[in-house]
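Each chain carries a letter (A, B, C and D) given by its place in the written order, and its residues are counted from 1.
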């Protein structure tokens, strides 16, 4: 099978993107570039305490400064807006943009100041006086679930936001009959994607029309709806502009609390108001921290390497409030056995509140931590049995002929060829040479390790974790849509209905429309509708846009094409079956003289009603709304559900060396075999995969939101929150493979989370392989030089 | 950020005299780095104004000091709390005064402090070095006071 | 993250700068490259009422060999000293240190003097100044005074400079010997970050390969850049064989006073200091020995 | 307490701009808010991420780490000034498009400024030299690979005489 099957003209070919030219010349249009006439600026006063009662707030000194317009407290805001939407059923864990009466983490927003400039707003913020009475706090998630623990939200009665034990298949029987069992703990440290652009929002209220216009750096499903509800406005009183370029998101640009705050201020003050988080606000109170998990893993397997069953307990420290975050324990249900034939699983997700910054969605929505735990389990089984890690994986992989493959938790994997992708990767990396290089380094007295990870990227974003984790939520519709318009000049415009944060959606839509309509994608324009003009969308989450927006664009283009065929058939007097569509022109098969050009067809559609077939609408446009393939069902009573439609696969191979004198790791070689079905634009897919790997390198080795013993976020700046630069990320090789998905138009699967879903596991595997000759291992990310050194000293981490 | 401070300092002054010095608001005002006011509130509690100018970091703090567990002239515990625009500080330290020959006293201290706010979030790397330095400056000032007021 | 308001004066002479400092005392602050000061101002940790800009003072931009020293004006940019032929030839240790200083963009703006007076205990330039026993020349309205680099640094960002003083120049002693070698190494989590620990050494060998002079220092593992003349004394007059170097490295670990932070414990820093001391001494000795072979 | 304003004249992309600014206005805020040249981006405001890189008197610097008032009489080139006079991409900018050396575009102006300065001083850089030159610019999208590819492509095109 080739890297790219299918006979496509534009799809899968290397083509420049539509977006790049504006960005390379500095003509991107980000939220911070928006300057509305008379716009005011917000700065925040945040809590210095992890937990405290607010006894008094005095704003008079701040308001006395010239150019300062308002100081908003939680008392006022909370009385006038509704709580933000919470993903699980926990009504007593109310979350508002500003604290009311109580602060629950250091960095929580307490007062918002509005002034003529951001600098003045900061001057004023310094003059706000707040009396706090510090109260007890809880930081350790394991202690937080014990009886008698300090409660982050006393009204909720517990620090547990969500907890359930799922049993899928004969877990106890499998464990009883297995020849071996092992148990271990693996910990995923709190990190996030930390885009270089912080979250920003500008809002303007027009009392004449009763319309709130919003420009935001947003990647968030149902954002306009959530915003309108919290502000107690009808949905059609909010207009979100999706044509704002978003400077990176990868899940975290949710910003509901920011928007409710700024929307309220804009409406209340009757002035355009803008809030662009500064980096400190972003790091401590932007509520964009990612999963922070302790996995307690048990594996049951036989001497020949057959893995039968898993018990997974995942304790996730979500911080002080619930947003979408508890649901990040839900997505992994859809790929809970990874690429392996494991017949039964017990899964106990526990979502725990602590006095820390709240968690939000991060690239992969909880899948990458789970993959890290799964792959660590595979490596441990191999080590336990003295078996080759590659062989063990090959032995347990689902085979090509077993698809579609139903896993114990109720999801069916669409397609895959894991053996071939791994083999291609091993060949491309010259795996024996890689191992020889490792061994030579070891012989020379250095520490070196080879890492392997073979992981899945569930894609297509159907958000079925919502009904799974919240029985009151019966949402089963996760559509996306596209409108295609051929104007009177014959030019094609695609309308998409959400914002973009670097994924190249304009290129995606243009390529798909061009492919089906056989028009040059470079001539096709793609625009982002605002929320009042938009068709329904669920935004680019869950690696869904190639599948969902791509599918919607294809569907709309096909409708346009069908209209053209109908016009041609009517005017040429030839049955549609006897017509041939080529490059937008339509002619009778075998009779080139009977032909209508694109321009002629368009002209008929727009101007010549008398030539239109009866019943066809004049003009030439079509919309298509597509539901997630396989979407639509509610979970079974035991929590089985089809989570995502398509499953991409990645096989990572890494060579890492550790300097024994300094404990510094260095990645010597990185290769990733990748199968996301048909690639619409290979450069975009490769770019996201490289970026995902770099992000994974950060999570594995460098990045951590570390809290001190008194609940202070100690890594608030880029001096302490360490994202890898070009000097830490090595050159990366990607080997493509294509197993098309049977569920999508072109066989495409998702790739927006590619690389990140396997890189942390692969690097952890390599580090632990390097430490193995010493009998040491690390089961916590990030694997910092300090953690490695501690192992080299024969100690335990922590 | 939690800071741990521990150490000992020999001072050329008798135990009883040192006890007096350490409980004298005027002496504390002169010896605590950056301290510009100390006002007794009674019950061994004081209100203190601090203007810190350590290196490039400057900030004004208002705080309170309380002395507890007094065992004159050998032991007491000092609790300090302060709040300013760049954060807060809260800590306590136990002091033990041990006579050491004639007219010399060994002062042992062991304490910890919590720091919060901007300083804690951005300055974790240097806080403990700066704190040690401040303790050193306090002792230098105390030694000077002792030398100047025999 | 916007600085608190301040008054600004760009001075045209050093004397003018000193007058302003004298007038405003601790409320005024000099700005040269600003690479350390401006972030602190943005976070409002530093809030000078008056900013005195010395960026354009040509009298602080000299780099010249004077006697047995390379004299570097305080406002010489790091990228300038990095490429200056005299500096590269006579002060190779500085050149090696600069490879570890920040990134291209910060070295283009940051100054040698700015790094010294900012006094980060992990910073490379202050460490070089201490190891080479440089002399800092300070100026105020009453004239110039000198202070040894080794007595200048007290604690993180705390130095002997008075609020009314300006660092005018730094005199780095040049070792006038045929076989001088040096090395600078550091461990930071990412390149360009603050060093967890850094180490540098300079040694001079005689014709027989015996060490006639040695200097070593450790950064990031004490509250100030830590020159360790004790180690020099231990090495001088001896052949720098592996055993001696290992002994010296063990001695280094006993002399420093590291603190722990988010990224490294005191114990790890002590270990790194020992390892890096060993590395730089070996590398410096090899560097020096190589010069004899020519 | 209205803020004191300081007159400055700064040449940006070859054009002199006179303005009155508060002393605390950083260069990046001056470019973005006063001149409305929004191609230069704010990422961290503490000198780490490199998104605000501009060329000052020929050398790349971080524009968040200097105040506009300091630059009276200086000459600054921003991303907008690197394009051809008609606004179309330069050889380097074109190479970023060809190699898709970007995704969200936010770090991109800083990356291009750093790479431009590199190629000015070192027209045929090695991969290591490219990585060193952009080592002070953080990117969260690309993993740097296609950025390195783009700079190498540009160097090759420039060597072949592309203008």
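A few comments on the model shown:
We adopt the following convention: a residue touches a chain if its C-beta (ideal position, glycine included) is under 8 Å from a C-beta of that chain, and two chains touch if they have at least 3 such contacts.
None of these values were measured; they are calculated from a predicted model.
The central chain here, found by comparing per-chain C-alpha centres with the mean of all protein C-alpha atoms, is A. Chains joined by the most contact pairs: A-D. Chain geometry summary: the mean Cα position of subunit A and that of subunit D are 29 Å apart.
With each centre defined as the average position of its C-alpha atoms, the distance from subunit B to subunit D rounds to 49 Å. Work out the mean CA point of subunit B and of subunit C, and you get 32 Å between them. Within subunit B, contacts with two or more other chains are made by residues 85, 118, 122, 124-125. Residue positions of subunit D touching 2 or more other chains, listed in rising order: 1, 22, 24, 45-46, 132, 135-136.
Multi-chain contact residues of subunit A, defined as those touching 2 or more other chains: 119, 126, 278-280, 714-715, 717, 719-720, 725, 727. Contacting chain pairs in the structure are A-B, A-C, A-D, B-C, C-D. By the touch criterion given at the top, residues 1, 3-4, 6, 22-24, 26, 29, 45-47, 50, 53, 56, 59-62, 64-67, 69-70, 72, 114, 117-118, 132-133, 135-136 of subunit D touch subunit C in their complex.
On the side of subunit D, the complex with subunit A involves touching residues 1-2, 22, 24-25, 32-33, 36-46, 48-49, 51, 78-80, 82-83, 87-89, 93-94, 96-100, 102-109, 112, 127, 130-132, 134-148. Residues of subunit A touching subunit B in their complex: 48-50, 106-107, 126, 134, 280, 283-284, 708-710, 712-717, 719-720.
Taken together, the subunit C residues at the contact with subunit A in this complex read 1-5, 43-44, 187, 189-194, 196, 262-265, 268, 271-272, 275-276, 278-279. Those residues of subunit A that touch subunit D in the shared complex are 16-17, 19-28, 30, 32-33, 35, 65-66, 119, 193-198, 245-250, 276, 278-279, 501-504, 683-684, 686-695, 717-719, 723, 725-727, 729, 731-732, 755.
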